[in-house]
């Protein structure tokens, strides 16, 4: 554990001389700091080290490998194009990919910023760097008319939200409670609103994030510090939903205790999505009788697939004015202050921090 | 609480002089003792008292009210016909029935053997009696070629299983783990097998019930007393499912601790049904990260609708030889020994006890 | 057939002296002319005669029957309140309602403006009249902050659209083609847009309706008279969807020939909804191989349930500015010119005609 | 067209000297004649020529390419093992595979016996031959305890049925009508029965096939030559389903005219699967109003994925006694009489013909 919880250090690696077929080298333009990066830094997930973190990145194509002529959607690629990509590379043929069609659980999944030891060539495998080498099989997306700030502001929160709501199945007219007002909570709000949610309620804090929630169209916000009593929060939800409870409650906090609280906010026959527990934050007490009696359905959703990234970019392109994800970015740092950027996220100072030249 | 945990007493009430339109009076032939009756007797659910318990009953039509000419499926009814019925009477028009279509949660639901004070006319509203008065709106089913023992042996366990597996969605080819080998567990096994489950595994006891599970087609049984270590049980499930875990795990125990154990038995993207927690047996510790990481879907299911009873009777009629539910009945008692019957269930002496003339 | 295709006539009937329990008398404020009324007038559906037509109505409560204290959602009702209602009265207990849960196909369904002979008391059973008598069991909705013009402009088109898209399952991000720009087509567009449809394309005419489609947010409109060649229309759809075809195509025309045209506009694995064929307009030639090869799913949807009316009113209340359904009303007539009102609809002169005092 | 409708000829090609990494050479043991082969022979689908047909094959591993160590499910492979494989090779990354997850419509799909010109190396790409060369990326399945005759008797009919019923969603308790009693119809019957179908009815002929249908558990069979009037057949279906119609009707004939007949056999809210139209057999007249009024859902399903083959083999292994697919094989021919084998299929002489040494 000695090398966790340590400041970052700047290292120099040689750029690859040759680009393999299907691969490409990009010059990093902007890289997002994700809450998961804080978990990685704390050693809460098993990763190789040393590592270049950063799995939310936009870059400019520097060199293209042979055979890589189009992006994942068929759009032609050229050097100089601005692109982003899915952090995870999937095999497509394992039990998880091909038999049970849960590709986010791909047995051979590797992710930029998470899975690669940067001492091993091609070294450049995370966004907190000047360059990034994208291996063959990466799902790349050309950015034509979407700003890099929107893509990074949305980050992996938006694709996580899109996947999660796809699994749970948001329905036109659903009353929706979002537990949490961080990037994932705001992204869930945006997708739920645009999917026809009726009344939407966001529970979270601090005030700046709740203000963004209002700007994203939340009908009601509940500040957890102002209303610290869970039973009062539940009563508020009931009052916003004619006493029935919400059709859908989405957990975007990552704190186990909110799960049983959320069950109580669901209507009978309602649905609950555990979306914020990418990291293992320990256990909580629930009563299975509640699940039976209320006929709840509780969903889990892990990461995302390339098609969710395609949908996210399309969403930002079409609805960027309604949901200005670029405004989530509250702090910008140059690469040599990357550790400071991480600290603003670790200490909940920023809504979203990025590293940008 | 003074009047809970007391022996039953025999009371005499006057039979109704007139049968209301749409109602009927039946002479009870056989009444099942359900595990829920034990919970009621212990005062674990709010009920009126005094009460005639018994919500799994077969009877003979004694007198028919005006206008009641056919059963719920349109089959003509005559005095002398043998019938059973759904214990719950639903309103069809409340928020739960009509808006969100969760009729088992009907705001105005009343159930024979559970909701009626027997001091109030028409008095006869439970199966532990010589007669039972079925109010207008009850879903009645004529029994033509299904034995009363099969219907009572299946009891409310079978309709509970049918509803639960409908909610969860059992798929052809699913590998299924059933936690529990009581009536609900065996009914889930039967329905899952007949729905095309591939490998089926039942975890429970005692030996006599596991033998029935084998007779119902379980590929494997695990005796919880012989294998008391949950991690060993989990390893067994993994070995029966090529190391992946089960596609579906169904909880039919009613003990909270089995829920987190069951999560571990699911494959990634698998489904879990909390079916055995009709009563409130308290809380348990779960880790929400498991739901997220494994992309689980966790379902709850409460009671059943009349259409499930129709399906149950059809199932017993067609598949009665493959799944001999009458063999669940291990103990029979006359009405004046009803309390003794309850005790065999309360003390887990019987697989299924019934009161029969 | 002698009495079909005839002008309307004004008849006088006595108002009911007593209002039955659960019933109410309303004074009609505004009644919509629906395309189905034209079909009824032409004798294309079996109806009793004489009849008062009109199944899209808003009225003011004149007298309330005993026991009718709240509307379908639990809101208190008082004389003088403005209300609307579901045209269809459902039994809740037939095979269609209770077993297969297709209540719009209720075996005992009766509808205002369609099922009642007005020579029989209580006479007032359609919207083209000064009064309307709502029988017990009608799903009534109090209108608090939704204009009568919005409700009538939306008419049964909106509830039909909500039910149809519920059946088909519109998904966030779907590319959607709407065949038809009448009230149903515009309502489908509104619901699809608000449900997160990505690219939306409306095919229809005349120009005034397509202009409304643009105002409702259609990305593209295709005027069928300007582009009379189906293969050119198909090519346009392909060009708007990167060559793949639409995720969902919804038929809102009522003309059989558009169905095979629509199949060709779907992407592989796409979905098609036949929504406009409430009337029997005859057959058309399709190729089943297309359904197999493209792995299409083709849905039908009939009428609507009360819960769809509840959703429609909520939708008008919340999204009335984004989707101004009141603007569909292009023609208003007093009651004594009801036949003229029908003719504007029969001859496609109006987008929507209403009868209003 | 000159080279269609011609007898086969025996050609000699050199066996490959080297087996590429991930590929393998198998010695053919048994090859099924599929109805599709007749369509190919007639020139009804675009294929390269010359071609070695045969896409339902079992063989013995002769030589294994480097790196091919396990079958698709992870079971180790050795020379001498008996194997079968999915005919189609999928890319896993195109729009159809990765975006809309319709891999059977893979833009780059190639199939043994259908897509390869046998004049081009490695020549051996169909089952009507002594050897077959399986390219890297083929989904191979080791056959441990399933007879080659069962696998070939089931052929591509069983995987087609499994995929089709997965798409349509067969439900426990569904009443099912199968239109057609050829291999696909019998396979649909077997899967539907094992998935918990209640009443099952097969419509087809000749008598030998209907006898097999009875052996596979059909409750009723209707011989189309004995009951040539479609309205009489419909009345029979109604009488078998209490007048409601079937919950599910599956078309396994390939003749367009049966589609509108099948719509009439569905209950309101029922589902219809167009499964038999792999070939383009032309159009038919349907009435869209029927789809709307009956609230039907009509599904198409094309070919199958490797996971369906895995499920099929498991099904044959577990339920082979209940559903003896080997008994479908009515005719066996040596390779040099392959054309004669095709003729028995083309002329409906055989239930299933195979080429076997």
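By letter and in written order, the chains are A, B, C and D; residue numbering begins at 1 in each of them.
In this section, a contact is a pair of C-beta atoms (placed from the backbone, for glycine too) under 8 Å apart; a residue touches a chain by one contact, two chains touch by 3 or more.
Here the structure is a predicted model, which means the values were calculated and not measured.
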Touching both chain A and chain D (chains): B, C
Chain pair with more C-beta contacts, A-C versus B-C: A-C
Distance between the centres, which are taken as Cα means, of chain C and chain A, whole angstrom: 41
Separation of chain B from chain C, taking each centre as the mean of its C-alpha atoms, in whole Å: 42
Chain D, residues touching no fewer than two other chains: 73-74, 95, 101
Residue ranges of chain D touching chain C (in the complex, touch as defined): 95-96, 100-102, 104-105, 167, 244, 247, 251, 256, 259, 267-269, 274-302
Chain D partner contacts - residues on chain A that touch it in the complex: 72-74, 92-93, 95, 97-99, 101, 305-307, 310
Parts of chain D lying in touch with chain B, wherever the complex brings them together: 73-74, 162, 165-166, 170-173, 191, 194-196, 198, 242, 311, 314-315, 318
